[in-house]
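Note that the chains are named A, B, C, D, E and F in the order they appear, and that numbering of residues resets to 1 at the start of each chain.
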Amino acid sequence: MPTPTAPLLNPRFMGIPTFMRLPHAETAEGLDVALLGIPYDGSVTNRAGTRHGPRGLRDMSSLTRTIHHRTRVNPYELATIADIGDVPLSRMYDPQGTADEIEAFIGAVVAAGALPLSAGGDHSVSYPILKAVGKDRPVALIQIDAHADTLDTFHGSPLNHGSPFRRANEAGVIVPDKTIQIGIRGSHNGTEVWDYSEKTGMRIVFMEDAVEMGIDAVIEETRELIGDHPVYLTFDIDALDPAFAPGTGTPEIGGFTTREALKLVRGLRGLNFVGADVVEVSPPFDSQGITALAGATLMFELLCHLAETATTG
Amino acid sequence: MPTPTAPLLNPRFMGIPTFMRLPHAETAEGLDVALLGIPYDGSVTNRAGTRHGPRGLRDMSSLTRTIHHRTRVNPYELATIADIGDVPLSRMYDPQGTADEIEAFIGAVVAAGALPLSAGGDHSVSYPILKAVGKDRPVALIQIDAHADTLDTFHGSPLNHGSPFRRANEAGVIVPDKTIQIGIRGSHNGTEVWDYSEKTGMRIVFMEDAVEMGIDAVIEETRELIGDHPVYLTFDIDALDPAFAPGTGTPEIGGFTTREALKLVRGLRGLNFVGADVVEVSPPFDSQGITALAGATLMFELLCHLAETATTG
Amino acid sequence: MPTPTAPLLNPRFMGIPTFMRLPHAETAEGLDVALLGIPYDGSVTNRAGTRHGPRGLRDMSSLTRTIHHRTRVNPYELATIADIGDVPLSRMYDPQGTADEIEAFIGAVVAAGALPLSAGGDHSVSYPILKAVGKDRPVALIQIDAHADTLDTFHGSPLNHGSPFRRANEAGVIVPDKTIQIGIRGSHNGTEVWDYSEKTGMRIVFMEDAVEMGIDAVIEETRELIGDHPVYLTFDIDALDPAFAPGTGTPEIGGFTTREALKLVRGLRGLNFVGADVVEVSPPFDSQGITALAGATLMFELLCHLAETATTG
Amino acid sequence: MPTPTAPLLNPRFMGIPTFMRLPHAETAEGLDVALLGIPYDGSVTNRAGTRHGPRGLRDMSSLTRTIHHRTRVNPYELATIADIGDVPLSRMYDPQGTADEIEAFIGAVVAAGALPLSAGGDHSVSYPILKAVGKDRPVALIQIDAHADTLDTFHGSPLNHGSPFRRANEAGVIVPDKTIQIGIRGSHNGTEVWDYSEKTGMRIVFMEDAVEMGIDAVIEETRELIGDHPVYLTFDIDALDPAFAPGTGTPEIGGFTTREALKLVRGLRGLNFVGADVVEVSPPFDSQGITALAGATLMFELLCHLAETATTG
Amino acid sequence: MPTPTAPLLNPRFMGIPTFMRLPHAETAEGLDVALLGIPYDGSVTNRAGTRHGPRGLRDMSSLTRTIHHRTRVNPYELATIADIGDVPLSRMYDPQGTADEIEAFIGAVVAAGALPLSAGGDHSVSYPILKAVGKDRPVALIQIDAHADTLDTFHGSPLNHGSPFRRANEAGVIVPDKTIQIGIRGSHNGTEVWDYSEKTGMRIVFMEDAVEMGIDAVIEETRELIGDHPVYLTFDIDALDPAFAPGTGTPEIGGFTTREALKLVRGLRGLNFVGADVVEVSPPFDSQGITALAGATLMFELLCHLAETATTG
Amino acid sequence: MPTPTAPLLNPRFMGIPTFMRLPHAETAEGLDVALLGIPYDGSVTNRAGTRHGPRGLRDMSSLTRTIHHRTRVNPYELATIADIGDVPLSRMYDPQGTADEIEAFIGAVVAAGALPLSAGGDHSVSYPILKAVGKDRPVALIQIDAHADTLDTFHGSPLNHGSPFRRANEAGVIVPDKTIQIGIRGSHNGTEVWDYSEKTGMRIVFMEDAVEMGIDAVIEETRELIGDHPVYLTFDIDALDPAFAPGTGTPEIGGFTTREALKLVRGLRGLNFVGADVVEVSPPFDSQGITALAGATLMFELLCHLAETATTG
């Protein structure tokens, strides 16, 4: 069984940087949770760079350890976990081809009985992931994000990083009235995005609402909305304020602190997770590495949840 | 009528970076609101660099769009707005000459019937701006800032970035008991600055007071103090904490978050604005661009207010 | 007639950053030379970021002035020159569509009788430019570059930044035996690229050859090869060593110094230029701005040549 | 008597950077408070760099001035204060030898009747400091930190930056039930650290507890726990969130804001301080200097306390 | 047989970053050349950071490909090559213990019949490497470096990064009169280092001599000196000028260009290599990654030589 | 007698950073050579930042040691040398007042019989320095620089960093036909600067000329021109190429390498120096510190010369 390579003894700068310094597995066979990267940013609307996200997250993930300081969960004792590498993209200039490759790869993870925890890449990657995890039964969706990402098209392309959840809804792989979008903010060139979310039954918790309600109330509402429905969680790092996550392509000021984000994610423990992702970490804009550190630490929080779900579900 | 060049269709990295990718106008004639830069930092007491502020703010302002996500105001539909370029400074080593040139330029904007929204430059630029906008009738002043900036002289100069509001008060262009200074903090080498503000009737809301009162109470007190008096708002980016705005010359830890700053500015909607500025953004100390992003987004918030004032006033 | 806005009097950080602080013209009508940006990096094989190249080059181009210190040429006196903005791309996820838009835009410049001086963007943009300038008569090509860029396809795409000159040759818009590729170096995964260049008659001057021959000999050979044939010059900034140009997507150590590059370009004065470009400047990897400065200064050198050609040709 | 060199008149970038631009004294004789640096990071478990901490803190400390804006305390009027330079380490590869040299140096400061205010260096330096200040009577300890630092050994060494307070407790120089550790968070590879603190009677206030209780309650509990016992305060800059203090070796997201940290430290005014330190500032990871600024400003807050204690104690 | 994972098809930012994206092997058994990292900087005299060198070099090594553009050598076709990970250091605070672990690890590589190509780490690592490769027969040494590194002790330690070649000579594992030190420069606090090298028969080629002689003459002299003696090559990245390699701990201006370094290394083709290393790459001081790129490209040059030696020797 | 504080034993990051870690002296009395800073950049025409030059140079000067590796000169044994701090500027907004203060300060150094070695600051500081050193007898001038700096006025000011040598010539403190300007390059907005230099008899060695002649010939011509006339050397760091010195306000590509600069300066050994300066190092644009390192190393080279002149002259 893969286990993390004795990180108490090994200094954190040592070794080939896999996710959490876990063993590298060729496939998801035999795993409870599979960590993987999707180095694709061909669908961004502004600054590129998230193609380097998986490497940046792998590197900083060395700073996480094994036992959660609040829950005392050790995911590596609970579950069999490995880094299965990156989705081997072979058509990087072709958004549809890329989406197909991602869907097939995640499909294989699901078929192997493992829960996928993916590191982006831009947010467009969540659409093919959702197609794979929601193939048999549409899933509930918790989206922590500055943008609703329910745009129709941009520059003629239905597959861009502003559109994944519109596409997922059209494909029938998410349940719109079990979809909650938390942290939404920033000006737009039309009301289309917000209107689409609302008219299809998605719940938008604008950033200002989240602050006013308090994180506890957001957690409670989310848990109530989702219940025990199979649920996917997508964390766009731009949900965080740029002070906490400067390294992203479309930053919006006025966002979450990491303390709030950790609390929010932690409060969702015990839901029936089918997978999760952390996307939009862009190392070229992250000169001090704090965005990748935030992303990697959030991946550890999510990994604790997935390990519990995978082994008790 | 100038309108923003279809930013939904154009990627944000495209095109010559005017403010908000607006058309460039030669003068303020026919405009409701004029955006302009004042690339001057000859009056700083510590680190220079805000001479590059207008360019930094123009570049990052491409990330703002047209419709405000809370108020649903679209300033570009309400009002005629353009970028009228930078004040053409020709005596950059001469603080008084520079102040005269700024005053004349803003005077022309005012004479054209437009509201000026200026991007600094160091805070000394607010004094000549106030001379122009308060020429006929002294204005109320909302100053969001880490420093009271009511110093007498520094290195023999009455025109430095620690003195603009003392000068403005002496010139009779602001109403001291309708002046509120919010976010003041940091050690000083004398009590002169705080004493001057207080003895002339200005209201200092020290940072700690603002936190204790809460932003809602600060907004309420400000609105009550100002009423419908013509009011000018100056936002020194160092009011923000250095985590949110590292790119400035005299940072002071313990400041506002961008979330608080947005809420504070937004809460002042409907006041009788005669103009506004965002100053002290210093690109050489802003390696990840988040200071310029914060400044540009605050300019968009202020633009919404000015567009409403200009067209309903 | 557009002229640079008195840069001797205006400090270089002042004003909206057009190329060389020139006037912005809507079209190339009436111009001898048109400067323009192509903010496209959708065809890179490694690190993206050159979409921000035109803005970075415009900003640093403020540091150039009017009179060349060796030739005493003042291009702004010789010729009518303006910044005509960026190619208005509207299909940024579609390499072919983008290429068509670039070709049409440059076609209009050529039709207006102006010589295009373009700022990339990744190197894929040179192919549609060559289709426009070589439409009626194939042109000679001087390519200063670390890579021969005569690859067939990458990830299934014939339009990528490793392939433009193969495509141009196939399209019959360049003359292969009047094509010279200078500075080529770095390992490859096949000999295909070098083989294609050589077997089609292109002259590869590997970096080591250039050093051994000396710049004077490279100039001489180039001039001899080209003669008075209409010639296009493309300067990939990665021809420079990463010490001189760190801000690029596929850097290769062991390249030209800026001193050699200036000498080489300067030595080509008087050729029958039909246009030129400087590509692959990537601001996200250029934290100190020296790559953009090198690119902008090389654009000024090329502008001197184009101004002479345009007005004496 | 040493006094700060007229910082109102001198620009802050001027002069050789001693702490707070104070005079440099050869020894602590005649001083009430001695500022000093300990440029040692030989005991870190992850990223090195705090050897440059004293220089980074000295440089940014120029931004502090003389009068505290809330308490109106001017420490330089109350007490005689100087920069006594760095501990002259001569065995930097030998953790025990280094610890002995630090202990001897601080011992001399204490013997001279001065309170030491030290700038790290990594957190291992607090152990020998505590041996010196707690030599005659064990001291209470206020530790503001992300990590409890009560590890036994790492890589075979009992002297590492994760172990100082276990060593101090074993040496009998701190009172464990008058020890409070505030801000603790982050995953671990065992529960050993938390267990040791708790079973020896130390009070751990995990970060989440601190947030829930509120800073006021943390202050109150701390004051109650300590009473008038002689107390040492150690501030590990990683107690702050990485957004506020990116420049440190083992950052943990979800930490304190500078506003909270200032409030917490300020709330401890009047305790019976025997010394203090600010450690783990790592300039190579602090590209914008905000970590050093936070550290230097916290040193000024602590200096106000020490000056009061030294002169009224 | 391990082969590089199809780098022509895979974009270079994709996948877990092993050296040259080679397969990861657990041991050197069956390999002709073993690439490995030594993440140790506990012996530096100035700035630390080379502990992160192996990761930085692995990441940038993705930019190298398979076929050398001059020699047309493809090392991966010639030889069996893999990344065998980092030396698993377990006593990082103990210079002697660390040296023993490195010696044992390299000893196992040698025993397996593979040639080691190591990535530092600080230069102290070359001493235990030389003990392993020169165990049975002292080796000739080609040292390309700014410093002779024949110091006796620093801070009481005989094992520091200024001393490896004095130790190696004392241990009888190098042949001093077949040792050549190329690129030496910079002021010193004594003449001890230069004197030791010279009096023991080592050849120092000071930087100024190398320039005056020309690289060709340096190559010739080196080849003549070494003949067919088994030879180890150590490349300290600070041999390069800081413009080409800013990311190192003790930079000295006036060094080699990468062009010269490539020429020098390439000129040593065919010698009887027993191993090589590239040391002193320090990512925290390499914000644009060009130092790691230079180091990785030099590793590729050396790999070509080692692959030839391993398979023809 | 002041001596450097045992830098062989002290690690270079230790201690308060004076120049070369020398003792700090209050005045130049008793010194042979006085090192000093002039933190003034109020006269720049483009990017500010050199006000931080003295601190940046002091910090990096710790990397220099005592014995020159080529000449084996140890300036600290030859001469009495100290850091006398910064010129205490008190009128930083007043170019004329500042010039007067610099002149008076250097005048006192000269009166004390010490040779001044100054660290800028922008190049305007050389004019008042020359007034002090050339007061009794006009001096010869060796100016290594990208710009001739013989402009008349900029923005109405005769005191700006483009004019010092015109002013010095007008003041009769330099001998124009014993003035040589080496490395001049870059476009200009008029020929005024070059014309003035040439018509007054100054020798301009344009960069291209210097390359063509070779450094040896430049040295020879300079020595011949100067003879044994008292001579001042001013080194503007922008004489170096931006790859070697990115941290400066008006960089020009195509400049000297550090190797050439070291050779050039070293070749001037034995001239009758009356002082020297290194100016225009701008830390805010020098993120990796290599510009300050180059500047500090050049100061060491000059210090060797001055120490010889001071003690043998």
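Methods note: a residue touches a chain if its C-beta (ideal position, glycine included) is under 8 Å from a C-beta of that chain, and two chains touch if they have at least 3 such contacts.
This is a predicted model, so every value here is computed, not measured.
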| Which number of steps is the smallest that gets you from chain A over to chain E via touching chains? | 1
| Shared touching chains for chain A and chain D? | B, E
| Chain whose mean Cα position lies farthest from chain C | D
| request: Look at both sides of the chain C and chain F contact and report whether the same residue positions are involved, with over half shared, or different ones. | output: different
| Interchain centroid distance [CA atoms averaged], chain B/chain E, Å | 55
| remark: dist(centroid_CA(chain D), centroid_CA(chain E)) in Å evaluates to 40
| Interchain centroid distance [CA atoms averaged], chain C/chain E, Å | 38
| field | Multi-partner residues of chain A (each touching 2 or more other chains) | value | 9, 11, 13, 47, 51-52, 89-90, 92, 155, 241, 243, 257, 285, 287-288
| Does the chain-touch network form a line, ring, star, complete graph or other? | other
| Between which chains is there touch? | A-B, A-C, A-D, A-E, B-C, B-D, B-F, C-E, C-F, D-E, D-F, E-F
| For chain E, which residues are in contact with chain F within the complex? | 45-47, 155, 184-191, 194, 206-208, 211, 241-243, 246-247, 250-255, 257, 285-288
| request: Can you check the complex and tell me which residues of chain F touch chain D? | output: 9-11, 13-18, 24, 39, 51-52, 55, 58-59, 83, 85-86, 88-90, 92, 287
| request: Report the residues of chain D in contact with chain E in the complex, numbered from low to high. | output: 41-43, 47-49, 51-52, 89-95, 97, 155-157, 159-160, 284-285, 287
| request: Using the touch rule from the top, collect the residues of chain B that touch chain A in their complex. | output: 7-9, 11-13, 63-70, 72, 241, 243-244, 257-259, 262-263, 287-290, 293-294, 297, 300
